[in-house]
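Structure record follows, encoded as structure tokens.
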Amino acid sequence: MKLRYYITVRLLLAIPTIALLLTAIFFLMHVLPGDPIRIMYGEKFPTFYVEQIRHSLGLDRPLYEQYFTYLSNLAQGNLGVSLVFKIPVIEKVAQVYPTTLELAITGLILASLLGLPLGIIAAMRRDGVFDHVTRILSLYIHSNPGFWIALLFQIFFGLILGIFPISGRTPPGFELQKITGLNILDSILTLNPTAFIQSIKYLFLPCLTIALTSIPTLSRLSRASMLNVLGEDYMVTAKAKGLPDNVITYKHALRNALLPIVTSIGGTFTWLLGGTVITEKIFSLPGLGSLLMDSLMARDFLMIQGIVAIYAVIVVVMNTLIDIIYATIDPRVKY
Amino acid sequence: MEPLIIAKNLTKLYDLRSSFLESLFSKKERYLKAVDDIDFHIMPGETFGLVGESGCGKTTTGRLVINTIRPTSGQIFFEGTDLSTIRERESLKALSLKMQMIFQDPYEYLSPWLKIKDTLAEPLRIHKSVDENQIETKVREVMETVGLTPVDMILPKYEYQLSGGQRQRVMIARALMLNPKFIVADEPVSMLDVSIRVGVLNLLRELKKKFNLTSLFITHDIAVSRYMCDRVAVMYLGKIVEMGPTDDIISDPKHPYTQALMAAVPVPDPSIRNELVPIKGRIPSSASNLPPGCRFSPRCPYGESCKEEEPELVEIGKDRYVMCYRALKK
Amino acid sequence: MSLLEVRNLKTYFFTPFGTVKAVDDVSFDVEKGQALGLAGESGCGKTTIAYSIMRLIPFTGKIVGGEIYLNGRDLVKLNEKELKLIRWKELSIVFQGAMASFNPIFKIGDQISEAIRYHENVTKEDVMKRTNDLLELVGIEHERANNYPWELSGGMRQRSMIAMALACNPTLLVADEPTTALDVIVSAQIMDLIKNLREKLDLTMLLITHDISVIAQTCDEMAVMYAGKLVEKTSVPEIFKNAYHPYTKALIKAFPNLKGPKQDLEGIPGNPLDLMNPPPGCRFAQRCPYVKETCLENDPVLTEVESDHFVACHFWKKILAER
Amino acid sequence: MSVQKIGFNFRELFRVAPRSSKVMVVVGGIFSVTLLIFVVLGPYIAPRDPYQFSENLLQPPSMNNYMGTDNLGRDLFSRLIVGSRYSLGISMIAVGLSLIIGLFLGSMSGFFGGNIDRILMLVMDSLYVFPDFIYMLVMVVVLGPGIWQTALAISVGRIPYNFRLIRSLTISVKERGFIEAERVLGADNWYIIRTHIMPYYMSILFVTVSLGMASGTLAISGLGFLGLGIPPPTPEWGTELAGGRSFLLGGSWWLVIFPGLFVLIAMLGFNLLSEGLDTVLNPSVRRLA
């Protein structure tokens, strides 16, 4: 009961954040210099038509009016109609967002699976060889931009070894019943092993790229967190109590160290989501990032607004989820 | 003679609603009554003690008197002026020339960026009360007074290069720099090592005599208050429960809490057995949910029925006040 | 043979700024059933002694010499595996800050029973029962076993810490400043508790504190440390009556009293010693009223000046004559 | 056992720092300083004119062209050296801008608290949970191409981070006792901020600038790679890399590898420097346990 109350409060608190981001994006698109229609159709396009289009989109009305229309439309889930695709923005976004979500989530899982143990082991063998090697290695990996890693992967795995596909999300003629839109999940749900293997194969390089850009951050955070816990007085108590080493490490240290790590996963997810744009573009994945890039190039401003709104929803939901998870595992959080 | 300080119905509440979130969603107002409607006065040249455990509001009272925090209600008069009426920056600054404070933790209250020379010169520079070329002379003079010697060795050091006792002497010197009339000393020795405590206490006693200082001395140790104070007030959960001349209170404590505080002082003599502390339980977790009636009743060893109405602080003898029905009856 | 024999213990810390000789050649014994109070100021090495006995010195420090015999076995020579069997079963400790000494995410009861579970082969019910009994023993309702440490007040937490320390009936209990950071009344209650438990359980205890009046009330023997060295050791009544060392004498007189006539106190001049580069000779020399040239050159040795009264001072005879 | 404090003397801090951190500071410092020299003196160091076409199209690295030539016959090495002006220069502007704004807002918010703080926190937290690269992209498109526009977009991405850092630092200093002591002395807010809080910012300044340079460089090269950076023919590392990509299948690997290596070395330099400095300047980190 109390937890439900806490979740409700957290979700309510997410609303101002989303509203703020949407407002920011609205004003960014409308206040800054540059007429989107003019940019879209080019200088030579007759002014008469531009005015007509502006009128039909309501762009000639006062800004506050446009803002309130935008908000009330949003509340009904209406993000407008894409200027390029001529279909509702929400429809187009709904088609592509699973790609991004799948990439981001698998990337996060892979990064956590690799990054957290690295950091924790490094902390436990502090100042040892393992610690130094991981520290240098993660600094090095951290210094490689995502697009550079992606390119190297394409050259090495795709062009030289030829073992992984370097573009697209699925091979031609790929068939899969759509349930969630997440290919890996759908292929498991429909018990389709060929589709499962294909999905993983196509996802592997982008996912690894995304993961590699986040592993250094995660391993560093978990190392710091673990070191912090190892320095706490209660660790001395645990040792003084003569408990077995694995109890000291896993029960007393690790569980405490994981708490701040859970919080930091939100930040990692945000960072990782930013990285999906370039990764999608390089691997030609039909996700939000590719769509955003195309819309930016075409100055399809309603589409851009819509995509940013979806990104905002994704990160806010993710962060809220993490808050809730944290509250359930840390007895100190009072809700 | 007019009192230098008068505190009248002094009250300070703290809003306990921790966050913006809570203040939005929780209608319930939760307050901590740090200081709850207290009255006292301090005569010129007097050392007035405030004694109590942590959380009793003694430190808050000190900060209210020195005017770094503002009371929720009630007033403090300094030389007859109500401090809450002083609003302009210049008058407030002028006020700090007259009242200064010595803090508990000498490890926290000195700026790590400044050399001792500059730390000590800072009050003079802020107030421009002494010519720039006179500053060093003044600094040296005060350092000699508080026993920060050898002066030349200490001047160019940073705070972290000094020992705890030296730091506390720097704090004292800094407070003296502006020749204040009134000093609040907030547990000045509780963070210091045993071997240097007495030195600092003795220094404060000497200074009091030398400069005819009036001071408010805050401590948790009633034995220290005996050594230092002329009059003392014992505080419990934001209230003064007993007040009077120190010697009278020590020789004949009326309030059961005062008796408990005295019994709790360990005696450095194995031949005298410490009496058992005649008190049970502990201070309620927060002063926000006070018990009905006398706030001490849940812990009172006499278990009398004071649970309906809270007693008032009543004068029971010459300059002696007690907040207890039982003491009144006798 | 005494229960605990500390022989020429030297524990040093190696920092980037130099070596800190926190404990420098200290020897003392604790007899079975006795309580030894170890007094000294912060930084004098008394806590380091506790940690050395528990073999819990952090990695920047090291026991560089000496032996610590518990029941005739040298703890310094034991490896981690052997230590695990001894810790808590034979040797337990009450730490200074009970707030930080409990793991915040486990319940008090779990943390106490954990100590029993890993050291003794007992059933779940027995562990439960013993945990509850322990809590009741230290004056806490056993329902509190289900509380988290941060839900308890400072005094209750320190009581639980004591309950935990007693969980396996240790041969020796080390109490490291058990009452600092507590309020006056609470700390008096905790000292009462310790005194009662000693009588009830016949505990052997090493009590470490900066407050000699606590030792006066709870211990049989007292040792005084100054700057990493032991300066005086004898029985409690003896030391309060006939202290030799100038430092001990000053310490005893350093507290304002509540009973008896109001008297002016005399402080100890000077400041505590920096243990990084201690000067040669007696470490108290700079602050000592009896100081002579020899004090600045020769380190005084701990000598038995009367039966069971040890003092490290060149001028103990002079002090004796002055009495 | 108390650890002796040593205050904030850099030389002393450096002396007692662990060797690995010293190595990091020195190596990172050398990298960073070399690159900064390129930024300032780029055109004088570059062996050839970076904009000069030649007959030698797509030549592999040789003694004439250390890093080969591009499809228009321009000397890649010279282009990359001069390109550091754009890749790092913009990053420097962005770091400066975001630091000034973050410092101003963060210290206000932290020092005064209250409603200003609540509103700023809400805004900054909202921005913080949103991927900064995405609003950089949108801003770059809306503002149009150009050095200042790009720098502005990137600095906006960095502001929430700096704001939070400065705010929490200000709050932790504000709560320190010696600030209260200043109030008792009668010092005003501005005096306290100037003399007693500002020095604290200095202790994180170097690490923040260094980290900011790394993330700025990453952002610019990313924008450039997506074709939203400084438009050609201006030689910017990311743009060069993206341009070289189309010749990769033809075997002109150097057009991809060398721009990438420049980005990598810059990032490595700044990251090493910040990581090393962080340990040197905050000795508590390694005194844990």
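A, B, C and D are the chain letters, set down in written order, and residue numbers restart from 1 in every chain.
Please note the rule applied: contacts are C-beta pairs under 8 Å (C-beta built on N, C-alpha and C of every residue); 3 or more make two chains touch, one makes a residue touch a chain.
These numbers come from a predicted model, not from an experiment.
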Averaging each chain's C-alpha atoms to get its centre, pick out the one most distant from chain B. A
Across the interfaces B-C and B-D, which one involves more C-beta pairs in contact? B-C
Could you put a whole-Å number on the gap between the CA centroids of chain A and chain B? 54
Whole-Å separation of chain centres (CA-atom averages), chain B against chain C: 32
Chain centre separation (chain B, chain D; CA means) in Å: 49
Give, as an integer number of Å, the spacing between the C-alpha centres of chain D and chain A. 23
For chain A, which residues are shared contacts with two or more other chains? none
Touching two or more other chains, which residues of chain C qualify? 42
In their shared complex, at which residues does chain B touch chain D? 20, 66, 68, 89, 92-97, 100-101, 103, 105, 108-113, 122-123, 126-127, 158, 160-161, 171, 174, 178
Touching residues of chain A toward chain D in the complex: what are they? 16-17, 20-21, 24-25, 28-29, 32, 34, 126-127, 132, 135, 139-140, 142-148, 151-152, 155, 159, 224, 227-228, 230-231, 266-267, 270-271, 273-275, 277-278, 281, 292-293, 296-297, 299, 304, 308, 311-312, 315-316, 319
Chain C-touching residues of chain A, taken from the complex the two chains share: 232-234, 236-244, 247, 251-252, 255-256, 259, 330-332
Any idea which chain C residues touch chain A in the complex? 54, 56, 83-89, 92-93, 95, 97, 100-106, 114-115, 118-119, 148, 150, 164
Under the stated contact criterion, what part of chain D meets chain A in this complex? 18, 20, 122-123, 125-135, 137-139, 141-144, 214, 218, 221-222, 225-228, 238, 241, 245, 248-249, 253, 256, 260, 263-264, 267-268, 271-272, 275, 285, 288-289
